[in-house]
Amino acid sequence: MSFPREPGKFYRMPVFFGPNPCPRWTPEGVVQDFAREPVRSTLGTRYLTDAKALEAVLPEGFRLWGEPIVTVEAIYMTGFSWLAGGGYNMFDVKVPIIYASKTEGDVHGTLLMARWESLSDPITTGREELGHNKLFCDIPEVSDFNGRYHTSMSWRGFPFAKLWAEDLVEQEAPAGNPANRGLLSWKYIPATPRPGKKWGEEADANYATLTPPAWSGVKTTRYLAGKGGVEWARPTFEQLPTQYTIVNGFASFPIVENRGAYYFWMTGGASGDDTYRLD
Amino acid sequence: MSFPREPGKFYRMPVFFGPNPCPRWTPEGVVQDFAREPVRSTLGTRYLTDAKALEAVLPEGFRLWGEPIVTVEAIYMTGFSWLAGGGYNMFDVKVPIIYASKTEGDVHGTLLMARWESLSDPITTGREELGHNKLFCDIPEVSDFNGRYHTSMSWRGFPFAKLWAEDLVEQEAPAGNPANRGLLSWKYIPATPRPGKKWGEEADANYATLTPPAWSGVKTTRYLAGKGGVEWARPTFEQLPTQYTIVNGFASFPIVENRGAYYFWMTGGASGDDTYRLD
Amino acid sequence: MSFPREPGKFYRMPVFFGPNPCPRWTPEGVVQDFAREPVRSTLGTRYLTDAKALEAVLPEGFRLWGEPIVTVEAIYMTGFSWLAGGGYNMFDVKVPIIYASKTEGDVHGTLLMARWESLSDPITTGREELGHNKLFCDIPEVSDFNGRYHTSMSWRGFPFAKLWAEDLVEQEAPAGNPANRGLLSWKYIPATPRPGKKWGEEADANYATLTPPAWSGVKTTRYLAGKGGVEWARPTFEQLPTQYTIVNGFASFPIVENRGAYYFWMTGGASGDDTYRLD
Amino acid sequence: MSFPREPGKFYRMPVFFGPNPCPRWTPEGVVQDFAREPVRSTLGTRYLTDAKALEAVLPEGFRLWGEPIVTVEAIYMTGFSWLAGGGYNMFDVKVPIIYASKTEGDVHGTLLMARWESLSDPITTGREELGHNKLFCDIPEVSDFNGRYHTSMSWRGFPFAKLWAEDLVEQEAPAGNPANRGLLSWKYIPATPRPGKKWGEEADANYATLTPPAWSGVKTTRYLAGKGGVEWARPTFEQLPTQYTIVNGFASFPIVENRGAYYFWMTGGASGDDTYRLD
């Protein structure tokens, strides 16, 4: 009997026992309603960095879309049907980007440079299905210290990014840019080498992906804006062995101008099942 | 600039900041010594199951090698240089297998049906580089309750497998079978579909891998054997949404005959860098 | 120099470095506003049990107040100034009680039979200052599985109480009973024995306490009611060594009649600084 | 029925369901063998500090015994019968001390200034029964990074003390000082105030305790000594709200001279049931 046995289903390793739930597939009887789920809150900040520093790390085909603005967000989600009502947290680093597609020409979107998550299961499904740059870290709930909001990401007890916001005032949520076609990412999965080949000579996946935005069902219920920022650590190998290059990479982008902070609440989302390979 | 920039290095997503440490690559100045690392202890049990039940779930090309013996082990490791001296725990399910390779003929080895790990970083590197069936769960230290050893794997507070051993007596470590060529696995990475294609129609990776055993440096320092076993839960979707099919799958293999338990301590290991694709 | 050095402050062990923050004391510059903090949500259920079973475990001076109704609640709090804006979770078991005070006569209130908390710091301050029956366990966030709310308390991976609610409908929050004077508890701290004495012969504290309710600042923002319940495990010593008698104790109270479940959201609270010894 | 119902047993809050296990009491059938349990490893360092700085914080009756040497240790224990074979970790700060007892005269011992533990249950029993200065924090396993041993204590993601050792060589374990009568502590439990009294006016417990050493059963199986040290953070209230005064207190003791580090393994222990109140 060959594998996968039921094309159209979402298999991941291990494949022996059939498909396993992910945001794009749930077993019969488990209804997902992305007009309602997940319920989320997002604490974020933006800053202008140096265009050259940022462009120096981009893979071929990517270039900046307008100002080199780095967006850093801690996102808290709950109520996912595919997790039986549970949730998890994310910590994102994003920049506005244009990808020069051979088939579609310039695609404007948001490059998701890294997405840390507090749960391993969506890391696996997101990396392998969507090609998103997911990593694990601890993402504690936001503390509200008399109107000063703060949290701190850490890995095995080493805090590598502090995020805060204060003096926030209620305002209307900014509209999304309709020219933005979604989250862009670079999917890379190394090939396990064939005999005679070396690691890195071939890849199982090495292409761009696009995840269209979840405009439809999403509803922002409250939006606050004000001051805030992020402080990146500059970890040694001993402090952060598996991620020190990534955190030092982000820390190396200069904060040329702080563009403030925000905190908002939203319902609804998307499964990401319209994600596709962008050549 | 194209990617990867330095062939031969171990890149994983995100690719922007160069290679990141894994067991197969550490930065300059970080020496790995697999004759010494990791230091590990293993609590394990074996049972005879039904050959037909087991064979029914195997991908094409795999068949049982001798008796259908299921080995279940909790493994505790520390002292990895690639983790700056830290470690993590594993929970394995393995069976003796023959893979009918088109290029090598019958390859005798151990099918690693599932390997839960307590840390996300080796899950990612192991899935993407080696094609190992890695999943996350909590794997608490073994309790020694006056000579009764016990532990219990859980995911988000739901315990799905209890492992125990008792009446253990010191004995010589059994020799490895020289005919066993190592860990066999089935690497499967779904393709992010191109426009017009459906999920599951194509795969980025869909092949067998072989990880040769770490015979050389490994040294068993103590070996105990006696009674013991494993008890699998039969979780509902609500209890274990992302892994209920896998745990119920293992629970569905009948325990025809308990083959006892063991607890041993070992030093040394291997990076897995001799893992290769087996067509 | 004698201790405590500044009477009126809240000292706890270790005493060397002065008072440490608790809900009843924060350092200069840290303002608490219990009209606003904490922000909390509560998932609860009630059931009628057997009066005799419940009364059999009460210390002298306590008797049931009306029907033997057991209330079980999981409570999630955030925004505490004394925790720099952070929070923690609680899991309560409460019954309506009358305490026959020698000085005040019958005091009607709620006996807080156990309050598990997910953070050690408030456990210590609550036990030692208020005499509350606080214990540690993991109290995961409530999952909302398409309108079925569920969570499960556990200790070191062993789940001992499942709580759920479903078919909830919006309704007005029930008014508190003005005859209820607050939370009653029995504070017991064993004496470290003097030479020649045995453990248990003397106590450092052995008296009732009363914590008046936080009527003033508290505001219920949303209240849902419907079906639900709690399921107690019956753990062995091996499963729950430090708390198995307590959980089995609660499990031994028969559920004579299920009285439904509720889920509500509230702002505001109280420091508990008006708690006093009730003789 | 009055409480406690069975004098001689070890009751703690909540008292309703009888005694609960602690190192000094286990239920029938659960045998403790302190010649064998726990199994422990200890990573420690010592430094000379300033006598005046240290004496300034001591309660009345305590004075330094010889040089002002601060000992800081991370201790990892497993195999406790009272925890069904499990364990927990400790992080200690200790100094040599003389307590001027009214009944016994000068008592020479070790002042346990703080003992952080990674589990809430022994914190409660140790504070309330022994009067030990126990607090909660995360105490990760020691990493062995090619012979550099390191770990870092943290509370809710904020690391407050780093401990390390390197260039360790095997040597004989130093003998204990027979003049040392054990661990001295100051037990302080505030009284819940009677009506008309203020917090801090009275105490339920306010006395010294002595825990004799576990000389008998303890056996050191390996002892390494070399270089190392501890680095204390200087946290703000926002970083460490419930313990910032304690950590800053230890950080304020100057490190006048580093006295090296050690790492040792030991079996056996003591229940602490010979602890007594020292007036």
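Per-chain numbering from 1; labels A, B, C and D assigned in written order.
Everything below uses one rule, namely that contacts are C-beta pairs under 8 Å (C-beta built on N, C-alpha and C of every residue); 3 or more make two chains touch, one makes a residue touch a chain.
Remember, predicted model here, so these are calculated numbers, not experimental data.
*Asks:* Looking only at C-beta pairs in contact, point me to the busier pair out of B-C and C-D.
*Replies:* Most C-beta pairs in contact, of the two: C-D.
*Asks:* Counting only Cα atoms for the centres, state how far chain C is from chain D in Å.
*Replies:* 28
*Asks:* How many angstrom lie between the CA centroids of chain A and chain C, rounded to a whole number?
*Replies:* A distance of 39 Å separates the two centres.
*Asks:* Just the number, please: Cα centre separation of chain B and chain C in whole Å.
*Replies:* Here the centre of chain C sits 43 Å away from the centre of chain B.
*Asks:* Residue numbers in chain D touching 2 or more other chains?
*Replies:* Touching at least two other chains: 83-86, 140, 145, 150, 156, 238.
*Asks:* Chains as vertices, touching pairs as edges: which of line, ring, star, complete or other describes this one?
*Replies:* complete
*Asks:* Quick check: in the complex, which residue numbers of chain B touch chain A?
*Replies:* Against chain A, chain B makes touches at 1-4, 6-22, 24, 27, 30, 57-60, 82-86, 103, 113-114, 119-121, 123-124, 127-136, 156, 185-195, 198-201, 203-207, 209, 237-239, 241-243, 245-246, 248-249, 273, 275-277, 279.
*Asks:* Which residues of chain A touch chain C once you look at their complex with the stated criterion?
*Replies:* For chain A paired with chain C, touching residues are 31, 33, 39, 78-79, 81, 83-87, 140-146, 148-150.
*Asks:* Taking the touch rule as given, give the residues of chain A at its contact with chain D in the complex, in rising order.
*Replies:* Listed in rising order, the residues of chain A that touch chain D are 138, 140, 145, 150, 152, 154, 156-159, 238.
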